[in-house]
Amino acid sequence: MSHGQLYAEEGKRKRAAVAGATGYSGRELIRLLIKHPRLELVALFASPDSRPAPIEQIHPHFSGLLQLDCLPFSIEAIKNAEVDITFLATPNEFSHDVAPELLDLGLTVIDISGAFRLKDAANYPRWYGFEHKRPDLLQEAVYGLTEIAGESLRGARLVANPGCYPTSIELPLIPLLRSGLIDTAQPIICDSKSGVTGAGKTPTANTHFSEVYDSFKAYNLLKHRHTPEIIQCLELDNKAVLIFSPHLLPINQGILSTIYCRLVDGATYGSVRDALRQAYRSHRLIRMFENPQLPEIKFVVNTPFCDIGWVVDQENRQLIIISAIDNLLKGAASQAVQNANVVFGLNEAEGLL
Amino acid sequence: MSHGQLYAEEGKRKRAAVAGATGYSGRELIRLLIKHPRLELVALFASPDSRPAPIEQIHPHFSGLLQLDCLPFSIEAIKNAEVDITFLATPNEFSHDVAPELLDLGLTVIDISGAFRLKDAANYPRWYGFEHKRPDLLQEAVYGLTEIAGESLRGARLVANPGCYPTSIELPLIPLLRSGLIDTAQPIICDSKSGVTGAGKTPTANTHFSEVYDSFKAYNLLKHRHTPEIIQCLELDNKAVLIFSPHLLPINQGILSTIYCRLVDGATYGSVRDALRQAYRSHRLIRMFENPQLPEIKFVVNTPFCDIGWVVDQENRQLIIISAIDNLLKGAASQAVQNANVVFGLNEAEGLL
Amino acid sequence: MSHGQLYAEEGKRKRAAVAGATGYSGRELIRLLIKHPRLELVALFASPDSRPAPIEQIHPHFSGLLQLDCLPFSIEAIKNAEVDITFLATPNEFSHDVAPELLDLGLTVIDISGAFRLKDAANYPRWYGFEHKRPDLLQEAVYGLTEIAGESLRGARLVANPGCYPTSIELPLIPLLRSGLIDTAQPIICDSKSGVTGAGKTPTANTHFSEVYDSFKAYNLLKHRHTPEIIQCLELDNKAVLIFSPHLLPINQGILSTIYCRLVDGATYGSVRDALRQAYRSHRLIRMFENPQLPEIKFVVNTPFCDIGWVVDQENRQLIIISAIDNLLKGAASQAVQNANVVFGLNEAEGLL
Amino acid sequence: MSHGQLYAEEGKRKRAAVAGATGYSGRELIRLLIKHPRLELVALFASPDSRPAPIEQIHPHFSGLLQLDCLPFSIEAIKNAEVDITFLATPNEFSHDVAPELLDLGLTVIDISGAFRLKDAANYPRWYGFEHKRPDLLQEAVYGLTEIAGESLRGARLVANPGCYPTSIELPLIPLLRSGLIDTAQPIICDSKSGVTGAGKTPTANTHFSEVYDSFKAYNLLKHRHTPEIIQCLELDNKAVLIFSPHLLPINQGILSTIYCRLVDGATYGSVRDALRQAYRSHRLIRMFENPQLPEIKFVVNTPFCDIGWVVDQENRQLIIISAIDNLLKGAASQAVQNANVVFGLNEAEGLL
């Protein structure tokens, strides 16, 4: 019986584990799974060298909501938990190392890290700093930009959950590129701004409160590892230029991307609307904001939505897209659950609204 | 005797008034003038229908620092104050109405509003919502981007202080455009992010704490009134396209602009450095940040500096400039004082460091 | 048939309206009611002089989640909506004026304003600035501090939802006072800190972003209108002194109260725990945090919980209580729904977790 | 010739070094010393195992303002720098270890750490976690609460700069206690709220942006190490109870303390004003805010002031004091410079306004 099979028919709840439960994406996964009607959260894991602790000690947010111990990660412990699916909210190399073993157990794996996002293994040393040992799994992994991946997710064994920045950029651009509305002779410029949780929970000089608060900066210009992911997913040809510029907002959650490109001759504000509507008509978690209302971070924080708006300078055929997501949700945890939903044949929005 | 004449020779302090002293730019002007060795703050004005009040009641920040009443604005009161210079930190139309009268008194006027920035009076109804009655003063006014204006400021009667966003965009771009380093066949894209004080002190739904805090948004896309100012000042030809996109940061002070453009063939990271160094070699208030350090808002807040950094994607000749200023200082009050310094023949940085 | 009667029996969803839907408490009420399994949100109202508008235009947060027009408030319109219950998230005087008419329609009214909280009508001119015309309703109204009010809420016609600050102070103190653990010969000092949404959505100088951000202040010391509400609810005798000091935090949601009082001789950390456990054993929305973990605002934001922790200086019998709530939820909207649940015989936490 | 002697007479600038220049207090010391007319910043030091680096690389804020290398700390290097005074903005144990050696060189030492604040060496193991080896220096050190220490600072060799919280509490309370206005039969309760820079620059879980932002908490209740410092400095008798409760504000700079105590019979709002005026009449850096204006953090950030305001509940003789300082300035760096000024016989506010 293949992965995810027959879920809807059986009506049984699938048993889920979260690895990396101590981090921010892990925390949001827990929050979503607690209230999911068809997935049952049965096991939580921290790093292999951690000590078991009640989850409410790690995240006091869950006091009174969840009584479950967070255990040191081990394949054995996952096996004992008899889970159907494991969400990996773990570091890239850790995911790379353990995903194959989990697949061998016959589980579905949704990996929130970047370990299986790039199709070409040759990209890993440069962008992720390690040698990828499983090019076969890179081919097999389904890139889980849910609305675009669609049926290819159904029954998938391994889902590579997209990066947060790429999600905010790819969702608006893919339908426009596929509809031929974008003139790629002009660079596509993605000026993205993210809250700090995207950098994870480990204290560093770059995420020290006093360094981030009341300020704003660009970082990793021309060298952020999400760049090859975006280029791969947009299927740009070699001549097209994509510039991706991440910036750090002094807030916790949310990404807003301002995307600049040129429309082909004849394309208009309405053409953009038509292409997006066509693509996302049956997808509830994409919301289109029409003029004059544009997406703002506050409208998406703590939601699973990707909001998209745009303006057009018709005379110069310049298109400016504004997209917004919660980096921890549509950019991580809720998209992971959305992917699990599709893998198991459920409605993609199940348990998310 | 012309305006500003003989200042250095006389060694006397010039008498200064601030109109619009209750606002944020006014407050910063006061802060700067209190400690200026060559300008003496002698009068403060609020709107004509206000009531006299000690400035420390309006801005308790100045308790123990300044004992001066803020008076209702009137030409008569300014006359009585026997000032040499008036800083107008007042609304556009108010500046438009009173500047001519102040000039008639023989004063130097530094106008922080937009009332005298655009050379073409025809632009005012569209961008500022009022008919401009003094095209002659639009011609006479010196656009006070200090480092660029240079000697043309000396002895000027009327200085149009640049807008905050334009300052952050024009200072890095002008030397590059003048050096012929920018290929204007590709649009120049200015993605700017500003703190909230730029919107002034009047409470509105858009500046209500709970609407701005913990969020981020773009606004006035393709229709912000700073657009014609930037285009005028960059002296772009008709075929060049400039896109200016303002965004609202959930902080008080600071603007960071991320500017995208294409270099001409052969231009490099080093060409940019050379052009900027050449232009600003003798200007202390422009700081160049070289790789890998880039400007951040925290480095310029409460300073009169404009910080400039950049990266180059040589293969695609793409240039990304990062500039940062404090919108209330280099974007308003400190540039106004800097302009006053030059008008009066002082060192431009006098009293600012 | 009395108010709230037979709900559980019928199993039918009660029809609910929200008046004051444009404000922050109104927004949170909508958010809660959308997902409530036993209450059906059927009508939204703004001020009587407003114009009908889709709620997603007013709160774009609800785009894709709720299609309902927000109508100008009128008794007629409420009548037409055939609702069982109306939540009033309206100004004090407005609630005072319309609640009687709504009651005459036979509806249950949960009033989030202060219009019916004080038992003594004589307090209204001083603390609320208006003459109260319905002392009879002041007597009838049930003060909806849910866990304390208990069965008295069942079937109530009119519920006066507690203030946000009082909720954070009364919930920890009442069980301790009732158990005789507090020595009221020493003043009870309540040092409370609140986010800005508590001040509502109307832009004012006090809630202007640039005035609140990056700062902190006390306000309304010794004269905040929540003081008589707290004193009434704690049932303090005349000799006891209660000091309530509100402060404004530069955040949106959340209240943390630090409460200082003296224990009676013999009382300990454990006595406090026992009294609180005893009182709230069957109440899921009160969470006790035991040493060394104390409540923090981040643990309660966007939740219906009141978190309580405490430390004891045994030598000096000094007790310090820390309590935390989300001012818009347990301090307003979720407590309103919690009250509606009890009025209708449902589990108090229904639809809230 | 004793320390600090003859400064004013000579008119020469004193040569100053800052140790701990990489931290936040160090940074503020640099900022103040750059513009001080009578102190000359000649040397900067980081930890002994650091590598020399231009200060503008460590704090890009100083780009264009200061060209000085930050060196690894060593007694030898300090000796070579031929300084008259060293500011220690270093960890407690480090200050404890190096101060004696610096004194042996004949330098004035202003120690910003807690290493020499407590008179009783027996307190160090408990509150600071180390054995104090120089009880003689504890006796000699002048506790540098400048306005209170007064002439005892003149010519001092070793100044123990007060803690940030203690400064905000002691300055308002000392004159009231000395005037006999406070009835110490009721506990003195100090509910203090501080920005995050007080915790220093080392990244920790407690100062990670995402843990602090948008939240608020109490911490170290009943066990903060500033407690014995406050008690010592207030000279409270054994029966008096002082409660000190620190809280963490989600901002960078500033402390606001709300202090609760009982007035003696007959004392009034006016008595408090008289006592404070009397004490601070000749001290410019204490500002009194009279009703209805109270201190707020924004009025003191980036200033050397301590602002004090108060309200009185006359019926119950309850006094509430609000005091505010910038924790990095009056709570650390500016008070250190203020102390240096007095040591050297200068005006205490020299270079600070």
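Here the chain labels run A, B, C and D in written order, and each chain numbers its own residues starting at 1.
Going forward, a residue touches a chain if its C-beta (ideal position, glycine included) is under 8 Å from a C-beta of that chain, and two chains touch if they have at least 3 such contacts.
Not measured: the values here are computed from a predicted model.
Visitor: Considering only mean CA positions as chain centres, point out the chain farthest from chain B.
Guide: The chain lying farthest from chain B is C.
Visitor: Between A-C and A-B, which chain pair is linked by more C-beta pairs in contact?
Guide: A-B
Visitor: Measuring from the mean C-alpha position of chain A to the mean C-alpha position of chain C, what distance in angstrom results?
Guide: Roughly 37 Å, centre to centre.
Visitor: Would you kindly tell me how far, in whole Å, the mean C-alpha position of chain D lies from that of chain A?
Guide: The computed centroid separation for chain A versus chain D comes out at 47 Å.
Visitor: Taking each chain's centre as the mean position of its Cα atoms, how many Å separate chain A from chain B?
Guide: A distance of 41 Å separates the two centres.
Visitor: For chain B, write out the residues touching at least two other chains, lowest number first.
Guide: 211, 214, 250-252, 296, 298
Visitor: What part of chain C is in contact with chain D in the complex they form?
Guide: 186-187, 189, 191, 193, 211, 214-219, 221-222, 241, 243, 245, 247, 249-252, 254, 256, 258, 260, 262, 294-298, 301, 311, 313, 316, 318, 320, 322
Visitor: Considering only the defined contacts, which chain B positions touch chain D in the complex?
Guide: So the residues of chain B in touch with chain D come to 35, 57, 60-61, 63-65, 214, 284, 287, 289, 293, 296, 298-299, 302-303, 305, 307, 353.
Visitor: Quick one: which bits of chain B touch chain C in the complex? Just the residue numbers, please.
Guide: 24, 196-197, 201, 203-205, 207-214, 250-252
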